[in-house]
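In what follows, chain A forms one complex with chain B and a second complex with chain C.
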Partner chain A sequence: MSKQSVAVRKFDAVIVGAGGSGLRAAIQLSEAGLKTAVLSKVFPTRSHTVAAQGGVSASLGNSEEDHWHWHMYDTVKGSDWLGDQDAIEYMCRKAPEVVVELEHFGMPFDRTDEGKIYQRPFGGHMSNFGEKPVRRACAAADRTGHAMLHALYQRNVRANTQFFVEWMALDLIRDQSGEVLGVIALEMETGEVVAFHSKATVFATGGAGRIYYSSTNAFINTGDGLGMAARAGIALEDMEFWQFHPTGVAGAGVLITEGVRGEGGILRNSTNERFMERYAPNAKDLASRDVVSRAMVTEINEGRGCGPNKDFVLLDITHLDPATIMKRLPGIREISIQFAGIDPIKAPIPVVPTCHYQMGGVPTNYKGQVVGDDGAPVRGFYAAGEVACASVHGANRLGTNSLLDLLVFGKASGDTVIDDVRSGEIGLRDLPADFADRTLARLNRLNTQTGGASVNECRLELQRTMQKHCGVFRFKDMLVEGVAKIIEVEKAVAHTEIKDKSQVWNTARVEALELDNLVEVAKATMVSAEARKESRGAHVRDDAPDTPANPNGRDDANWHKHTLWHREGNRLSYKPVIMKPLSVETIALKTRSY
Partner chain B sequence: MATSTMQFKIYRYDPDKDNAPYMQDASVEVDFSLDRKLLDVLTRLKAKDDSLSYRRSCREGICGSDAMNINGKNGLACLTEIKDLKQPVVLRPLPGLPVIRDLIVDMTQFFKQYHSIKPYLINEGPRPERERLQSPEEREELNGLYECILCACCSTSCPSFWWNPDKFVGPAGLLNAYRFIADTRDQATNERLDDLEDPYRLFRCHTIMNCVDVCPKGLNPTRAIGKIKEMMVRRAI
Partner chain C sequence: MDDREKLNRLRWRCTRRAMLEMDLLLGEFLERLYPTLDAAQADAFVTMADMEDLELWPLVNGQREPDDPVQAEVLALLRNVRVK
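So, the complex of A and B:
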């Protein structure tokens, strides 16, 4: 390979991604005066946090009594006991502080009559350790993510944060000892490749929901952080756990917030029955997302779906006061009119479970440090938000805990970086001589490849395979076949061809590079899912049914552990779940019901 | 299956190989049972010709990436119904900003104006332990303002912004300026009004109202600008 020169820029910290967690981390670092670069594929307010709707959880107790310990219990239960209890306690305790902070930054929360932050009920949010629904989701109408992302960006404008907008990070730089030294990135406008050499590297790259054909996620959610980490030898944790949001608009995939059910919305089948009463007699439509999604698919599979093909169910809010809909759910009304051709004031919305969120990711501890297989921090490497697996969501995330996750761990990772830089724990170590080789080889291949596979067709094949072989319900044989199919896709991906060879804003090249990341995520998911021979949270298999010995098909004796997928050798290892919280008693294993 | 061929005329320019921009004729098979929005069809066009360049992300009208000029009017591709479009559909980059490539414009000037209005809450008072209180009525004043997605449809449809993009804040920036002026938690109203009391920054607005006509979120920058002017008059008396 010809030696190409790669410009090097030096920073105290480089943050990859400018969604909620990246912007929250950036506030810490910029306000502390660290020389920080924030890289983003898109202008910060275009990041996918912007699409979050329903709320951010915090036990503020603005409308009724609430407590962080109850929030912690709900999160552990929601996770089907796969979440790490130290990180969950940390997140739930910190929630009121980070949400109030956000209000101080200017977030336009809705208000109660007393002028406090408005809170609404949400799936799995209960008071007194699972007793009855509680109002814990802090909301700005049904545009909470938009309001939050803009408020965080605005605070960064105030803090003079240095952004590199429309730069795509391509690979992680690590040295012989495994320490992380920064990233190599591509400026999309010019095609220039630059190394961001840094004491600290924070991944805030978000999720990879685009591995599925039907997804609520934006085009940009291609798991870039996961792909970069995997290629650099970092194992990925719990990648078999993907959340299917119960209410994506049928056919379009666009999200309809759980806040709709929080405000009183009801799911109905073709007989007009409120079927959730059968599946979750207590929480009904506000059970956890995995439970509701499975109930919906069961209704459809048993012939009680709606429409000419009986392939969706209905989300009904026609009984709500139109004034409430206009005030609390205006964005949902717009989306329904735009993407379902239906005004929800007059008619119910057709919905289906749709891929929404990845519970797994780059393994971190509750301080935002990336950890290796032995649990020890990888020096110089941090992660927060959807790319990270702390693990606070375990096998199933509670609604509104994602926005909380990115605030709490965005801030925590920023604080840890500040400590590590100031104490001299991390420094600017020399770049290895071959630091750019892998990246340049990838780019050169794309520039010269002829007669290869189409990026578009490879991606579609990948997405259809994931959708068919690794969906809401999983089947042993389909998973085994799915692994083989994804390996086939990977072979084609290694030879993708782009016709566009321009250096200027080459979106074909960007999509090809994104596909390199998607395929790592798809492999990790399929292999991890095939191997986990139990049902837990969002991972439910036909050969692990509900039995007296293993209620809900959960097999704690053999499978109460985190998966680690290693790219090299396509191999798995496991590590224990952290059951010891920071200050309170362990929330002991229990059968989950709503 | 309801398929049909749609005709397009698309502005193309790649500075790496083209001496000058040109309009390209293109056609594509559309399946009306699957394709509903212009962005769906752009995706099909791009599958045929991967060099066609445009920004896109959320595909649901909340991220503001895919603003472009569609049959002479600015809008978001992801919210534009294809059935309503007259053919050939003429696609151009947003007017008034430098074109980088195809439908991708350089938005530096647009964001510079947004940043110039200090788009963040200014409140130097001591930080309370809990949230700052705001009544539901006070919060309602922010409706129709905070929802801006910075897509630039409005500012790039404004003749005043075309003429003075360096001096006139433009409708998006002014809407956001009023978002902070209207926020009871913000303490910098006077400074904000001082900053805008300028023959160019605010007063280049001649209430042409193109901005209102094109906003994909149904917001009304002209009304916000009117409110700012009103406040200036009121404090002068």
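So, the complex of A and C:
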């Protein structure tokens, strides 16, 4: 393949990813009259946002008194004080606005008898700065993400957003000064490689949950944006923090939403005990996700797991009115039957903690601009949603803040692009002569490799290494060993071989290119986790236990800072957490307990 | 498009879906049962794979029945796929 074969298309903005954040950003851009391209590996309404069942949080106060400042407090506390307080204030203050806006886009929210948006309780949502649970989650039955994606997609159709479906973005284009000038992408149907030359590039590629063997994430979540950013010299932030959902169906990884506990579901061990009463006397089964995960694994480790191998616990909703289950949680009943072989109206669901959400990502500010190590924006580059680290989730995301994140920062990144285009801050700069060289070299390597490793075997080795060495509980020796192992995996990935060398619909090639991205995320995660010698939020180490000096194993004196992983040299640096909100007082460091 | 290309496109659409559940079910079906289908059944499966997950799900779990009798034949097989 020669450089001449790379066609160039020009746009004002190119968005990579057509899930919630990509579609939300595209609405801003297209409605402002910018020529906007959205690239997606799949048809937009097949994005993984569909899987977000639980809801989107906003302090609308429709059911009882609520305030964005309380939501902010819950988010900071949930983040174990690693979230940036400017971004968190921004998100929580914007929440009511973006949710009402979504309603106007046609989102079919559940309603109260008075016709207001129905709000239900959710883990970690409290009123009056952590005092008692509050109903803050807005939902459309248990299909919130699906309904949201459809509302956003229809709005984009109306705004004439140009979609490139079944295209995979391969690499960022940057010039000598570091400015981002677009992406190089592969059309699966033709095998054609095309440069999308643009004033602004917005990454909305979602997460990389497929780095783990046991994951609730769909196969599509291969961290393409993270891989592209890392290869282009952008450091990845806080990649050691992965949320494990407490309730994946044992065996399959399929998610049982936290909304089940919001509706009254109870976790039980082999003695039928409601064990969360011991771990979180106030919030009980509605405690934050990592608290629940840790409690579940402790029950299993101490021999109170269920089943022949005592390796799962039970989620019980048999005490609920079947009519409530059918009305509020119909999808959960279906999933339990298909993937666990039980009807939850009659029997409890076997569950285990399973990798669910990536808190870290491409570093951004609250305006959706990607920032470099010095905090200055990388000109022309924006990111929103799970791929981005604003950082609103810090060390642990509060449930329902993921859909909120993509609405708020999808919109914010779109608005910032519009400002930057109109002010002349960004423009269509000349492409460097060698803009496609690295990508073409990567493709040529795949086309000519012989005697290399199998993509499937490498991926499996990567996933098993991450699961074993860097799971929901982490151990010093395993992490050290894990770093060495993941470097070995990387060496094999650099020599993957595909038998199919054809151009049209070569899925083997696409899967090899996805693996190139997964391995960057896996390295970033393992190296960052090994280095962080404390427990905080979702990063829990056996050698950083709960002590009077360091409650919950958190060591603020040494580790209250963001990790930055640099691909070159596999090296780490750190930057301070932004503790100053935009308008209110700092929410000061405190021990996190529920 | 030749047969290899068509099968690869189908594989992509079966295993890069919105929901893990559907990746698992359709991926399993494609490898194990799709090669055993006759031409009409294979076409019906392709049509179903093009549906959205939350459109296909009620058919898979029996909440809805398809109008097309060939789709019903394929669904009977798909409904018996257990990923556990």
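Just so we're on the same page, the second predicted complex is superposed on the first by the 590 of 594 C-alpha atoms of A that agree within 3 Å, B and C clash if a C-alpha of one lies under 4 Å from a C-alpha of the other, contacts with A are read in each partner's own complex, and residues count from 1 in each chain.
In this text, a residue touches a chain if its C-beta (ideal position, glycine included) is under 8 Å from a C-beta of that chain, and two chains touch if they have at least 3 such contacts.
Bear in mind the structure is a predicted one, so any value in this text is a computation, not a measurement.
Asker: With both structures lined up on chain A, is it a clash or a fit for chain B and chain C?
Answerer: With chain A aligned, chain B runs into chain C, so clash.
Asker: Scan A:337 for contacts with chain B and chain C and give back first, second, both or neither.
Answerer: Once the two structures are laid over each other on A, A:337 reaches chain C alone.
Asker: Is A:282 contacted by the first partner chain B, the second partner chain C, both or neither?
Answerer: After superposing on A, A:282 lies clear of both chain B and chain C.
Asker: Quick one: classify A:50 as touching chain B (first), chain C (second), both or neither.
Answerer: Both partners.
Asker: Once chain A of both complexes is superposed, is A:220 in touch with chain B (first), chain C (second), both, or neither?
Answerer: In the superposition, A:220 touches chain B and chain C alike.
Asker: After the superposition on A, what does A:467 contact: first (chain B), second (chain C), both or neither?
Answerer: The answer is neither, since A:467 touches no partner chain.
Asker: Which chain, chain B or chain C, ends up touching more residues of chain A in the combined arrangement?
Answerer: If we count touched residues of chain A for both partners, the winner is B.
Asker: Report for A:252: first if it touches chain B alone, second if chain C alone, otherwise both or neither.
Answerer: Both partners, chain B and chain C.
Asker: Please indicate which partner A:593 is in contact with in the superposed arrangement: first for chain B, second for chain C, both, or neither.
Answerer: neither
Asker: Quick one: is A:63 in contact with chain B, with chain C, with both, or with neither? Answer first, second, both or neither.
Answerer: After superposition on chain A, A:63 lies in contact with neither partner.
Asker: Taking 111-119, 147-155, 165-173 or 183-191 from chain B, which overlaps chain C after aligning chain A?
Answerer: 147-155
Asker: For chain A, which residues lie in the overlap of the chain B contacts and the chain C contacts?
Answerer: 42, 45-48, 50-51, 143, 146, 189, 218-220, 251-252, 254-255, 331, 334-335, 338-339, 500, 502, 504-507
Asker: Taking the complex as given, what residues does chain B use to touch chain A?
Answerer: Its residues touching chain A are 14-17, 34, 36, 46-47, 49-51, 53-65, 79, 100-102, 104, 107, 111, 115, 118-121, 123, 127, 129-136, 138-139, 142, 146-147, 149-150, 180, 183, 185-186.
Asker: Which residues, counting only chain A, touch chain C once they are in their complex?
Answerer: 41-42, 45-51, 143, 146, 166, 188-189, 215-220, 251-255, 331, 334-335, 337-341, 500, 502, 504-507, 510
Asker: So in the complex, which bits of chain A are touching chain B?
Answerer: It comes out as residues 42-43, 45-48, 50-51, 60, 100, 103-106, 108-117, 140, 143, 146-147, 150, 154-155, 157-158, 189, 218-220, 251-252, 254-255, 331, 334-335, 338-339, 454-456, 498-500, 502-508, 511.
Asker: Looking at the complex, which residues from chain C come into contact with chain A?
Answerer: Chain C reaches chain A through residues 1, 4-6, 8-9, 11-13, 15-25, 27, 52-54, 57, 60-61, 63, 82-84.
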